[in-house]
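Several structures are given next for inspection.
Note that subunit A is present in both complexes that follow, paired respectively with subunit B and with subunit C.
Our next item is the complex of A and B:
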């Protein structure tokens, strides 16, 4: 990187003016699309007026509603268990792919890597629809089972938590693979060779060398999938057929159907709190792992 | 574990990962009115229906327009911010960096509620300005990332040589820097376009009737019905994604851009 050799520019009058021109449009855009929304969200969650953030007085009623209603406790529990299940399976299924891509010397490696992360760039709505086709009552799996005369009635695979879980696992796997590929830098084939030359079995090499060295990447992948899973709403809503209640679906319900914006805001803040605490726990775990 | 078994396992996992896309492509050629598998006979009937469906056609047009506007704006803003971050050392630089990355740290659905609350009093819900602004916040981080990477690999001595020979700063930027960072610029713009084009979560909070986008129309349709028309439409969306994936891969490499 030859550009780094040149010193960064010193501040002079005209330079400062130039810097301002460079920064102002971006900062304005990020202010209206990120900072203001966060402030409005916080304010609205305390608002007494149902359709505006700043109308009316200040009340804790929405947090009271969100935190004392047993329904929302159930919703929070559903969200957490969906997040845990989805990240567990997404990690288990992504790990072999990431390991394969890291260690592969094939000339197809580039293509296979692109194939593994490319689903990220197709709409989640489209892939959710794909899972509706696979898991539906007349879908791929049920029609196969029936043509093999294994079942007569369709097996309920969609419009429930199972369907939402399977679809979310697949939709979020590319994120896990990407995070693992970035985190597997410490894997070193020479270490493995050394261990097997010293007489370690393949299983032992995996258990004592590959797995410990790839743990940070696994952890990052798990975190990424977990936070995306607990905030998902399109997939749980469509795959759940209105029978899966998680924080995401409830926020959408309150914001666009019931039009109780302060409650939607309060639930969003609860979701954000859940989100942040998971990230803090993750950072603690990572620090302990590296120590 | 034997090598063949290992490769078989990897192939199965790839099949799982790509299954919904493959299935959608197959179903899109089905002739029946309802969702079922496998197709009875194959035809382009669903595609013909999609192209005759005015709701989908106009939503597609709006999605393209919104995506182009978002891509262009995100590239311009991203270039300016990257120039500031790479070329200048100033107080608050860390803060700016944080502000750019922060939208990554907040769930889209939370951001969506916040943006909805900001846009509502300005009468910008269900408007082009509103949806473009909403998409800008989640795309600028990507353009800043790809453009910053390109900018850091520019050899400053080339710019200095041009400057010594009397080129104005603007001429240096236009004739030297801009062509050198073009791959990062285009890759960032293309990704921004695609994110906007495919985005459903935030859009569903911001738009309703007037500026509904293709993903929101598909979502609304799927809440009631799942016929093969949606499969044909999905294939068209997937085709757009494939073009973008190949473009980004050729320009700067997919893994570096995401």
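Our next item is the complex of A and C:
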């Protein structure tokens, strides 16, 4: 084992051993904080006992209740449409910023990048309250409109889907920017120069060179925002004024108000299934794009 | 979500328990947080400990009854909590799971002074206070306070009402509105749903943030439907900006119950404490200090206190109580109807 006799193979063997040991804490943490609760959640969604996940028999009634109720289908559709709208606007607004940050050669680039993602330093709850101040009935926008005599009654900008969408777009934009920055690796100024030299207009360069090359980044950003938006709970609840019914708020309602824990678990599993299918579709799309 | 919080709460309980466990009997009580916890410790627990030097009551505030229920479920085989104070609807749910022990008049003599409706599930959960649902208003923007539940539908309040109704608040408002319409809540709640839809267009938010009191205090809305005890407290402590207007048609209280946890290691001490908490003396003090309605039939309230708890003599006469075990069977169905037939359309 020891000394000069140790062949290279054994070295890699012990390296691998080391690697495993180093991985153990992380894996254990993942097991206890992620995998075990998932198993618990999955089991609870089949439980006949309303309180203990592992007591009681197994039943499909909660899935039956969730999937045969048109209201939950509507909630699922709300969730999806909120996710799509938020990712669309977050991507549209983040793309120019990310593109600028990638292509910029300014020495302020690092500072600007930090500024772009700085909102992440504040919690989503605080930023949601910020939006309540801006969009509320007595908020900045409404009082400006009224002092300019453009409106007499407050325009309802918050406590509805509009408010929830606006707040979510802003809150999730830094994620989109970060994801795009990471995904724009294939952008190459030389390709643009070559295209221009061959006579392509700026618009054409953007359309034929920049956009296709940045598409993987755009997709990653959109996926990230979409997943965060459909699982969002605090912002839709606070900005929606109770009028925005999405899966996140419904799970909370069932878990803490009506205390139907198995139904809450079943709805969570449905949400997870939604996530997974979106991720599968995304990976297919990405593979096709790169092929 | 509750798993981790419960575990840390457990650890905390164990730690505090160990520190106190020298010669006194430790008694772990889990209950509501905030002003309730403050008042309960000051006006119920402190006098009790003075009278029973051998018992050391450790009060653990819990964020809400759902969290308390999660904690009790988690440690059902080896409970560290001896007494739980929780909402009646949650208590009935817990009784379905056998989490609480039956009390009897031999060990808790004050049970005899509780009205029949307060002795729930065969003396497993005993109601000890009721916090009325009421209308609070901003005294600076509302010159003429509402006097009736039907005032909520007045067009002058358009966009000026905060009403969190997809929980016990809504479940309590339904029988009130039903009674105004002359209907029995056990037969139909359609009249109440219709009444809700009449004032729903006035509602600015169904999810006031941070809560149903702060939005009135800040002037964001004129009216809010919320609990009396906290409103009275905020009226007294926050410069009187929040006014409370108990509607003349009467109200119903959010009912809090006291429960002995099944398998408690200190059941004797727990029963002594429960007996004190149910006494006329304790309930009268708590009513005077926190404006929660008492349950014990021997409690005599001064007219001033009665007015601040129940409103005018007319409202006091119209005060109602509910058949909570029956309500528990329709609780989620009613909330579902409020969500789907009122909030979703407004």
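Definition applied: the second predicted complex is superposed on the first by the 262 of 291 C-alpha atoms of A that agree within 3 Å, B and C clash if a C-alpha of one lies under 4 Å from a C-alpha of the other, contacts with A are read in each partner's own complex, and residues count from 1 in each chain.
Operating definition for what follows: a residue touches a chain if its C-beta (ideal position, glycine included) is under 8 Å from a C-beta of that chain, and two chains touch if they have at least 3 such contacts.
Since the structure is predicted, the reported quantities are computational estimates derived from the model, not experimental observations.
Look at subunit A after the overlay: subunit B and subunit C clash there.
More residues of subunit A lie in touch with B than with the remaining chain of the pair subunit B and subunit C.
Of the two partner chains, subunit C is the only one that A:253 touches; subunit B does not reach it. Of the two partner chains, neither subunit B nor subunit C is touched by A:190. In the overlay built on the shared chain, the residue A:149 is in contact with neither subunit B nor subunit C. Within the superposed three-chain model, A:71 lies in touch with subunit C and out of touch with subunit B [touch as defined at top]. Residue contacts after overlaying the shared chain place A:243 against subunit C, while subunit B stays out of touching range.
Of the two partner chains placed by the overlay, subunit B and subunit C both lie in contact with A:129. By the touch criterion defined above, A:105 reaches neither subunit B nor subunit C. Of the two partner chains placed around the shared chain by superposition, subunit C is the only one that A:159 touches, whereas subunit B remains out of contact.
Aligning on the C-alpha atoms of chain A brings subunit C into conflict with subunit B at a single listed stretch, 207-215, out of 135-143, 189-197 or 207-215. In the superposition on chain A, the residues of subunit A contacting both subunit B and subunit C are 37, 40, 51-52, 129, 132, 136, 138, 237-238, 255-256. Across the interface of their complex, subunit B is touched by residues 1-6, 8-9, 11, 15, 19, 21-23, 25-27, 29-30, 32-38, 40-41, 44, 51-54, 93, 96-97, 100, 110, 112-134, 136, 138-140, 143, 167, 170, 173-174, 178, 181, 202, 227-228, 230-234, 237-238, 248, 251-252, 255-256, 261, 264-265, 268, 271-272, 275, 279 of subunit A. The part of subunit A that touches subunit C in the complex is made up of residues 37, 40, 49-52, 71, 129, 132, 136-138, 153-154, 156, 159, 237-238, 240-243, 245, 253, 255-260. Across the complex, subunit A is touched by residues 1, 3, 64, 66, 69, 73, 90, 93, 96-97, 158-159, 164, 166-167, 204-207, 209, 219-220, 331-332, 335-336, 339-340, 343-344, 346 of subunit C. Residue ranges on subunit B touching subunit A, taken from their complex, read 1, 6, 9-10, 13-14, 16-24, 27, 34-38, 73, 76-78, 80-81, 83-84, 86-90, 96, 99-100, 102-103, 105-118, 120-121, 133-134, 136-138, 140, 151-157, 160, 191, 194, 197-198, 200-201, 204-205, 215, 218-219, 222-223, 226, 230-231, 234, 237-238, 241-242, 244-245, 249, 254-255, 258.
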